[in-house]
Amino acid sequence: MTSIAFIGLGHMGAPMAANLVKSGVMVKVFDLVPEAMKSLTDVGALAAKSACGAASGADVVITMLPAGKHVRALYLGEGSSDKGLLDVLAAGTLLIDCSTIDAQSAKHVAEVAASKGFEFVDAPVSGGTAGAAAGTLTFICGGSDSGFEQASKVLSHMGANILHAGGPGAGQVAKICNNMLLSVLMIATSESLQMGIDHGLDPKVLSEIMKVSSGGNWTLDKYNPCPDVMESVPSSNGYQGGFMVDLMVKDLGLSQEAALLTNSCTPMGALARSLYVNHARQGNGTRDFSSIFEQFSNIQ
Amino acid sequence: MTSIAFIGLGHMGAPMAANLVKSGVMVKVFDLVPEAMKSLTDVGALAAKSACGAASGADVVITMLPAGKHVRALYLGEGSSDKGLLDVLAAGTLLIDCSTIDAQSAKHVAEVAASKGFEFVDAPVSGGTAGAAAGTLTFICGGSDSGFEQASKVLSHMGANILHAGGPGAGQVAKICNNMLLSVLMIATSESLQMGIDHGLDPKVLSEIMKVSSGGNWTLDKYNPCPDVMESVPSSNGYQGGFMVDLMVKDLGLSQEAALLTNSCTPMGALARSLYVNHARQGNGTRDFSSIFEQFSNIQ
Amino acid sequence: MTSIAFIGLGHMGAPMAANLVKSGVMVKVFDLVPEAMKSLTDVGALAAKSACGAASGADVVITMLPAGKHVRALYLGEGSSDKGLLDVLAAGTLLIDCSTIDAQSAKHVAEVAASKGFEFVDAPVSGGTAGAAAGTLTFICGGSDSGFEQASKVLSHMGANILHAGGPGAGQVAKICNNMLLSVLMIATSESLQMGIDHGLDPKVLSEIMKVSSGGNWTLDKYNPCPDVMESVPSSNGYQGGFMVDLMVKDLGLSQEAALLTNSCTPMGALARSLYVNHARQGNGTRDFSSIFEQFSNIQ
Amino acid sequence: MTSIAFIGLGHMGAPMAANLVKSGVMVKVFDLVPEAMKSLTDVGALAAKSACGAASGADVVITMLPAGKHVRALYLGEGSSDKGLLDVLAAGTLLIDCSTIDAQSAKHVAEVAASKGFEFVDAPVSGGTAGAAAGTLTFICGGSDSGFEQASKVLSHMGANILHAGGPGAGQVAKICNNMLLSVLMIATSESLQMGIDHGLDPKVLSEIMKVSSGGNWTLDKYNPCPDVMESVPSSNGYQGGFMVDLMVKDLGLSQEAALLTNSCTPMGALARSLYVNHARQGNGTRDFSSIFEQFSNIQ
């Protein structure tokens, strides 16, 4: 039986780890926040006293951390008083980082890991907290074919789609390409719906029309930003829950960082970042990202 | 048996009228261009010597014209030496305008038509020349319920989806909302794909990933702008055919005109218009609108 | 001695007319708002009972109205139950329209005026209410050389700069080109200053540096948007007074209308319109247009 | 008599060093390119065999390098097989870095320098190659008051304006704030002029009008982007010379990097970067940055 270490039990990590526990494998968890730990031990996970303690002896290590510097600190020991996991773990341990971080950090950790005999897979997720709880996340993976194959088996307990984007770091690149695109879909759908409303159209009817026409996109299918068009989405619930504006701002920052590296031209993505940063700065950081709709609808 | 007048046999009108002929109804056509007329009489349509000649005695009049001023000239006689159709035709004739024009003109003609006892339906199309030829167009209609019901029967010979957006003019509004959104989808998908390519990803793999993720949209499903990702789309055929840049520029102009009328805020749509106008001014006006991809990919 | 009719006594028109009165000419005024009339008769203007009554017998007619439709209604009688001034006044009366309106209307009225023997000069103003009160406005004129020459003498009592942009309508075009540019200067200066502040720079020091460098522009010289950098500007007075956001939105609407007519590509101007419409929709319509600075500075 | 080391003799560095030589001080130079060295020894500079050789014994070291990594390599030895200058030079040597680099690198080198007893001043320049040749550059400095005071004396031989933006790194921040603003001024002025031209206005007349109105900005005063409006500017010389598009792309990259660090919202700057990257990718990288005008004027 496989034993898995899960490090990082935030809004996403906690429900993901809980699904792993439910799948029947032994899960040892660690987080700096005691309450986060308790929520997992309550459902059957074992508690470790440190990240290293969780990882030692595990067959698979899964990490879900906020940013590239945390991932480099944990695996490489960069800027940390502790040794990195790569200096401590037994070679052969499968390493899966589900954090959304910059591709450069992911590539760098993967290279060091490979040089020490580890498979390292970057596997950022898509699908939000609802998908994490339901076990229907999408994982977008970067790494070798064999690494991806091994990781898929583990990730299948937490997600519905496990995709292979390419070599080390490719998971991160594909994730931010996707989320940059998503941010534009959300804004453009919002402004189109509101323009229709301004001209007297019913947003439900207009949504149905665009959904089956060439304007069709994920936000119309699953996540309509206009209140009361769809049930059970954040826009019909005061923009609570879902995927926070602050997280979209983070992903758009990563996308623009990536664009600078390769001198890529992303006018829509750059504008989306400006609009989301502005939205966050107006106090909407913890609301769902579909609340950008209000930037177009609010009339004083 | 219904007799139908079809006026305006351009790139879209001609194949649409041909499908009507194939459906078995009697179709009388008119266009100022003799070659356009011939292509229809070759397949069985009757030729008229004038728009009025085509329309006289028809049960249904369908028009497919370039702009609002042509529609107003034909139906109302505005700025024309001829009488308008509304002053000539028998009340009760069903009038269907499939042109993509400004909503104000559509509403105005519909009002005058109603005052004289006609049903007038604005029914702009979506789907391009390929859809026109295949009879798989989407019609987005504005008008009364009864007008829509009657028009649906006729339009079903030329399209696969007949949608009712609302009252008079609503078809035009919904169409430009949709096409504004589409233009943004196309650009944002292009820049996201190219950013992935710039970072070493395979555009086919990245397209597959985004298609099933939250970046999913019509352009990834049906019309990938990156050459050689999909077969049988303009991007894999030198950006020939499909929906011309100049037509997208026209629709984006209509969308911005509409935004000005209602003081709507459409930052993405406005940027899309700028990028498409720029693209057209660089000599790409007659290429397919997915050729905007080259604005992001070309490296000298 | 010249007698002048002044029609339209709003925030701009009233102080302009008052300066004319002070210059010693006889001024007959009209406005629909009695209080506006009283403010002028208090300083020595004569009151007329109608626009036509003010204009009859005047050597010069000056109009300051909200939009093109009002100008067309007054001069041409379009959509009005009254005859147009052009059908009533003695040929030879000099007509000066200081309104900011669409160039098409200005050109059209000028053409009709010319056909009836009038010189018509479009002379929109720049400089805000402060400039109107101080008599330091800039007039940007369109019309014939002789029309401009005559108009200049009159306008010199109300402004410091009388500029000739070209033939009929050119004043309006130049005005909206200028104001489109101004809106971008204001936003770009705001975001640059705030980025400096975000990095710890003193906005006064940064303003001084950019003012003498290649970032130098009118807003840094005369109208710094960052509070407490300059004295006696709206930003140091809670963004009261000055040039209202709603008026900038109006001018940006005219600029985008003009861009659509000629298929011009104005990405910065289009983005500026979106940002100002958004700002207005958030309840800032009556504040000074430099308050857009808060869109970049506000942190919750 | 002061002896100065000048390291980095590119398009900007070479004429700057030449002006130092002309001022009468002893200048020892180093560059990796022999031709660059020769152009300076021809006018009286002494040649060194290495950067370190130039700097040893100098009272002042001036560097003009392409990017932050080169500055860190030279001063700190980062990623280099040589020791850093800070480990070699006598404490007390005044260090002036005129490169345009990221503010973080500038701050970091300044901190290490301070810890070892050096004054380090970041002094990026503005004014282009023409300003470098004429000795009329603007230096925007970051550093202590005493460091700035000492540096000013040296820089005055190469520039007309020596400005103090704040502490370490502030010169770099102010420079990229300014250049981000400049890029927007250039684009917005271009699109406004072209819109005027599209409506029949004379760009010379329109330029004169906007120059004295609220659209006034540096590009209208010194660097009109429309051909044949001003003499002796790149736009009247096929966009040769001046400040290259590729350098503007570099500065806009630095500005967006800075915006990401502080979560600043810079919609105009972000759009300007997209438009300039696009312009560069179309083969205009080595032309003057005012050639962006052609993006708005070209009609096929």
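We just call them A, B, C and D in the order they show up, numbering each chain from 1.
Please note the rule applied: a residue touches a chain if its C-beta (ideal position, glycine included) is under 8 Å from a C-beta of that chain, and two chains touch if they have at least 3 such contacts.
Please read all numbers here as calculations on a predicted model, not as lab measurements.
Enquirer: Spell out the chains that contact subunit A while also contacting subunit C.
Expert: Touching subunit A as well as subunit C, we find B, D.
Enquirer: Check A-D against C-D and say which one is joined by more contacting C-beta pairs.
Expert: Per the contact counts, C-D leads.
Enquirer: By CA centroid distance, what chain is farthest from subunit A?
Expert: C
Enquirer: Take the average of all CA coordinates in subunit C, do the same for subunit D, and state the distance between these two points in whole angstrom.
Expert: 39
Enquirer: Cα centroid separation between subunit B and subunit D, in whole Å?
Expert: 50
Enquirer: Give me the residues of subunit A that touch two or more other chains.
Expert: Each of 263-267, 271, 275, 278, 281, 295-296 in subunit A touches at least two other chains.
Enquirer: Work through the pairs of chains, note which ones touch, and then classify the graph as line, ring, star, complete or other.
Expert: Chain contacts: complete, every pair touches.
Enquirer: What residues of subunit A sit close enough to touch subunit B in their complex?
Expert: 103, 126-127, 138, 140, 161, 163-167, 169-170, 173-174, 177-182, 184-185, 187-189, 191-196, 198-202, 205-206, 208-210, 212-219, 221-223, 255, 258-259, 261-269, 271-272, 275, 295-296
Enquirer: So in the complex, the part of subunit B that touches subunit D is made up of which residues?
Expert: Result: residues 271, 278, 281-283, 285, 295-296, 298-300 of subunit B touch subunit D.
Enquirer: Tell me, which parts of subunit A touch subunit D in their complex?
Expert: Listed in rising order, the residues are 249, 253, 256-257, 260, 263-267, 270-271, 273-275, 277-278, 280-281.
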